[in-house]
Amino acid sequence: MNDSTTTIETLKEKVKKFIEERDWQQFHNPKNLSMALVSEATEVLDLFLWCDNEESYKELEKRRQEVENEIADVATVLLAFCNHHNIDLSKAITAKQVEQAKKYPVEKCKGKWTKYTEL
Amino acid sequence: MNDSTTTIETLKEKVKKFIEERDWQQFHNPKNLSMALVSEATEVLDLFLWCDNEESYKELEKRRQEVENEIADVATVLLAFCNHHNIDLSKAITAKQVEQAKKYPVEKCKGKWTKYTEL
Amino acid sequence: MNDSTTTIETLKEKVKKFIEERDWQQFHNPKNLSMALVSEATEVLDLFLWCDNEESYKELEKRRQEVENEIADVATVLLAFCNHHNIDLSKAITAKQVEQAKKYPVEKCKGKWTKYTEL
Amino acid sequence: MNDSTTTIETLKEKVKKFIEERDWQQFHNPKNLSMALVSEATEVLDLFLWCDNEESYKELEKRRQEVENEIADVATVLLAFCNHHNIDLSKAITAKQVEQAKKYPVEKCKGKWTKYTEL
């Protein structure tokens, strides 16, 4: 299994199976899953808490296994959310990108991290 | 584009292109992206802040468009992280699931949300 | 020491002393402290992840010691932020409450959790 | 009102009054408040998202009013949590500091941000 050949659907199914085997769907209402998503994202953040931006590249390499594990956890909750609440992720990303492209036209935001409300 | 036919790689490329057009890679060190991941996950959480678990299903349907947009934002940052820091998400999820299966064997955790350290 | 007789300043001094003894001020730029604040707040959230609103009262009593510890951690980072970046918390809360009272006039929001933009 | 003369209890009462006038206590179970705490902490984090550690000092001064407002929001939720769930913050901080001092003895952690498990 790798990103070049695996479809989103296949990954979703993989996550679904793991959860259903454990009968965990009952806890996966939107509120709980939104909390789990924040919780897992914060595990990634915890790995880069006290270093500066430049040092964070080194931290990542030093702890690559941990980072990949935490990123996998975020992805798992995200896919569980999509599974359980019927979201097609590819469509959602495509739709959102159209919206973002209007807020952040290339010529206005190139090389800047300013929020669109302040561009 | 939909989840049945789209590979992870294709979605990653889509995100990459959007970011490179805007020359935003320079801000995408691990520390910043970990913060962006939490920030976007919290946008999902904000939609379910004051309701209870049962009501959160109704909230999701009432605001489905917003929810899908925020989920897309989380996915976008996640894929940017994988792109920029060379993580194969399918492999990472597979590896993590093997680990999780050991911590949470079906017979011990079925239908329970107890943490593995307390099982 | 208890909340009836302790001033904010006294608590701030207590936190300051602990940090200066360890020479940790050098890591306490606004960016890092904002991350630490989220990290500690998420430790509180983790204690109530899978239960529902009603059950969370029981969880709190069952794990009161842990909850109080995590709340103390959030407060410590908050006071460190105020110390290091020269914020008078009492004034900040007073000023913000005036603002909030305009957004949420009693007669419009009583008993509702609707956001002011949707009231 | 300022930090030198205001007790924690006085601030707690101020927050309590605001909430009771609006009849919002009903939403303040531990689960919801833990989410609100993360939500408000993330508002602080959002202000320092793309800058680096050094730049974050300048960002803070440029947006001091916003920062103080968001810090006030975190403090408000924190005090609401203490009010509603009967936590004496001064005692909790004192107790936690004793524990932290054992995990982080001055001679071992001075000038380092290493986690105690790795010291």
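Things worth noting here:
Letters A, B, C and D name the chains as they come in the text, with residue numbers starting at 1 for each one.
One rule holds for everything that comes next: a residue touches a chain if its C-beta (ideal position, glycine included) is under 8 Å from a C-beta of that chain, and two chains touch if they have at least 3 such contacts.
Everything numeric here is computed off the predicted structure, so don't read it as measured data.
Where chain B touches chain C, over half of the residue numbers in use are shared by the two copies, so each contributes mostly the same positions. In terms of C-beta pairs in contact, A-B outnumbers the other of A-B and B-D. When the contact pairs of C-D are set against those of A-B, A-D or A-C, over half line up by residue number only for A-B.
Averaged Cα coordinates give chain B a centre that lies 27 Å from the centre of chain D.
For this pair, chain A with chain B, the centres built from the Cα atoms lie 3 Å apart. Residue positions of chain A touching 2 or more other chains: 27, 32, 35, 38, 42, 45, 48-54, 113.
Against chain A, the residues of chain D that register as touching in their complex are 35, 38, 49-54, 113. The part of chain C that touches chain A in the complex is made up of residues 27, 32, 35-36, 38-39, 42, 45-46, 48-50. Of all residues in chain B, only 1-9, 11-12, 14-15, 18, 21-24, 26-27, 29-32, 34-35, 37-38, 40-42, 44-45, 47-48, 51-54, 56-57, 59-60, 67-69, 71-76, 78, 81-82, 85, 87-97, 99-101, 104, 106, 109-111, 113 touch chain A in the complex they form.
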